[in-house]
Amino acid sequence: MGSNAERVERKETTRIETFSDGVFAFAITLLVLYLKDPTADVGGNLLQGLLTEWPAFFAFVTSFATILIMWVGHHEMFTAIGRIDRGFMFLNGLLLFFVTLTPFTTSLVANHIVSSDSQTAAAVYAGSFLLLSLSWGILGRHVFRKKLLLASVAAESFVRIQTRGAFIGLTLYILALAIAFFSGIASVVLILMVAVFYAVGPTSQR
Amino acid sequence: MGSNAERVERKETTRIETFSDGVFAFAITLLVLYLKDPTADVGGNLLQGLLTEWPAFFAFVTSFATILIMWVGHHEMFTAIGRIDRGFMFLNGLLLFFVTLTPFTTSLVANHIVSSDSQTAAAVYAGSFLLLSLSWGILGRHVFRKKLLLASVAAESFVRIQTRGAFIGLTLYILALAIAFFSGIASVVLILMVAVFYAVGPTSQR
Amino acid sequence: MGSNAERVERKETTRIETFSDGVFAFAITLLVLYLKDPTADVGGNLLQGLLTEWPAFFAFVTSFATILIMWVGHHEMFTAIGRIDRGFMFLNGLLLFFVTLTPFTTSLVANHIVSSDSQTAAAVYAGSFLLLSLSWGILGRHVFRKKLLLASVAAESFVRIQTRGAFIGLTLYILALAIAFFSGIASVVLILMVAVFYAVGPTSQR
Amino acid sequence: MGSNAERVERKETTRIETFSDGVFAFAITLLVLYLKDPTADVGGNLLQGLLTEWPAFFAFVTSFATILIMWVGHHEMFTAIGRIDRGFMFLNGLLLFFVTLTPFTTSLVANHIVSSDSQTAAAVYAGSFLLLSLSWGILGRHVFRKKLLLASVAAESFVRIQTRGAFIGLTLYILALAIAFFSGIASVVLILMVAVFYAVGPTSQR
């Protein structure tokens, strides 16, 4: 494979990053549309209204933090990838599908976390992150099997990091899904803690 | 044409990709705005509401998959293109016009696929994808006629791939449009199958 | 100025293009949010509803075409620019301000073009494009005065093209603003014709 | 550290810029969604309605100008940065969090600046910009401490500029927050003046 082919591959890698970054950036920004002026329809005191709206802020912060760590992980995966194939593009698309769903599942949590449907809302929320981390694991496996890594990257190290990421994600989101059937709010708190832990915890030694 | 001119052309190619990627990424993410909390206005049980909302999810998945394969195809076309002209930019703009329309046509399917207007909604939906694949064919033809391909790309191979893509798109979307007048839901199922087939089918030998 | 400084300048030029492309792409995609399911609130026949909604489609097409030619022009201006200064960034920001306003002014046209407020809506619409083309002229002037052009670009040719663009824009949008006070719809038709003429007309000899 | 590692770092720097630019560009464009057709629900004369809607335009202009100067500052910071670490990515994420909040706080100002809740709305608005400039200061400090600057950039000069920026931001937004408790509108006028001053003032000697 000549150097021209390599340049084409590099260009493709860059473009799928641009598209993915667009979807991540857009999904993270769309979350704000579900924060609404609490007095818009019903009137009343603004400060009181904002305080009553805390579930929406809580859901907003949780989803923002989760999409952000997902994006950081996506970013780090791409620094190890030298070329992509069509399977990669569609598995990446599956991952982006669940990223895109987040504003919707967040709105369910914001509207229902203090209502009787709290458990359903949290289960849908945790379930969508579970599927997101599952599609991540499948993507990492595909990268390894199809040898899409940069020559300079040690394949074992990549697999180890992917496995760790998949382990954290899958285990904790399965746990969050299970907890959702008992307490919706505890489930969302766990999901927020996953994001915080991942951001500042000892595993981020890089 | 010197190497400086080539660098300028390459920069232009990159920038039209960035703009197009932006439109694809936004359009695919905007789809989520049409997924609504089913109990927001009318109240009721959340789980029940989500199950009743299946046409919206069905339309969401179909449109997400279709825009994704369109983006993959757009991506692949650009790997073959060495320079662009003004005509390319406007034909690309026409293609993006129909991409941009998708969130609207998707909402029509989501709202009407189980109502008496199911056929109208599916016809508009299939029709917009038909026009999208038509504008794709015109763009591919323009690339070939104006010799915008990279020197390293075999023009015949490009035309063959474009023809295949145009054939799949036009034929199947015409079929979907025709089916829409008998059964709206069958038409949308066909459109979803086109996307799935294109993603995993034998033609994606790359 | 050494080659390192040049690389930094080039990087800055690229980044302001990325940001501007984002705003253009986002504004052009947001237009679709103002196309609504005509039967969502009032019920009735979908086909009938879509036909009655023609002013929204008319405004959508006009704004899409106008933002697209603006983006093409922006793209072409950047191929001539070698470096940027802070003034450029803020004048470019002024230009993007009026691009961002377009979805709002488009919704006014969509809602009012067949009502008694048709003239007000068209005047606001034409007025915002007038200010957009004015800020374009100011930006072009700034580029010339501050010598921000690439060494390889003939400054006179750049000024001639800018002047032509400003002449077309300012004159025709002033005309559209004047016409708006007599007929709202004639004003919007003129604005659409400006975009079509610019796309396919004899001036696009490139 | 070899030249390959440097290239990887450069690629990472570029990608975090792309993501950040996406968030800035979307947040600045989303502001327009809060400009609404004043006659959509209540009817009445369009011109009259638009004039009555001045607080929405006032808030729109203020937020657009503020996000724009924030983006220009972000852009200038990145020209000095040679590599990034994980801490940088999360602190940058914190900064983007407050950028993302802006459309929401802007809508509060638009809806309440002439009502009895004017002070609450302005306090939330000023408070979010205060936290944004605070997270900026923390990010700048992190860059300096972790030696993330380009070798060619004088660290003292960077710190001086960051300190100046933090000083302007923190002081003036604290002032705006304090003023909000007496007059909501005076607070927002001050925030607009900060943006205008920063754009055209003597400090922008670059």
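To keep things simple, chains are lettered A, B, C and D as they appear, and every chain counts its residues starting from 1.
Methods note: a residue touches a chain if its C-beta (ideal position, glycine included) is under 8 Å from a C-beta of that chain, and two chains touch if they have at least 3 such contacts.
All of these numbers come straight from a predicted model, not from anything done at the bench.
Trainee: How would you label the chain A and chain B contact, same or different, if same means the shared numbers make up over half of all numbers there?
Mentor: different
Trainee: If I superpose the C-alpha trace of chain B onto chain C, what rotation angle comes out, expressed in steps of 5 degrees from 0 to 180?
Mentor: 90
Trainee: State the chain with the largest centre-to-centre distance from chain D, centres being mean CA positions.
Mentor: Using the mean of the C-alpha atoms as each chain's centre, the farthest one from chain D is B.
Trainee: When the C-alpha atoms of chain C and chain D are each averaged to a single point, how far apart are the two points in Å?
Mentor: The mean C-alpha positions of chain C and chain D differ by 25 Å.
Trainee: Would you mind pulling out the distance in Å between where the CA atoms of chain A average out and where those of chain C do?
Mentor: The answer is 35 Å.
Trainee: Where in chain C do residues touch two or more of the other chains?
Mentor: Residues 18, 22, 26, 30, 33 of chain C each touch two or more of the other chains.
Trainee: Once bound in the complex, which stretches of chain D touch chain C?
Mentor: 17-18, 21-22, 24-26, 28-29, 31-33, 35, 37, 39-40, 45-47, 50, 64, 68, 71-72, 75, 78-79, 152, 199-200, 204, 206
Trainee: Spell out the part of chain D that touches chain A in their complex, as residue ranges.
Mentor: 4, 8, 11-12, 15-16, 18-19, 22-23, 26-27, 30, 33, 85-86, 89-90, 93, 96-97, 100-101, 103-104, 107-108, 111-112, 117, 120-121, 124
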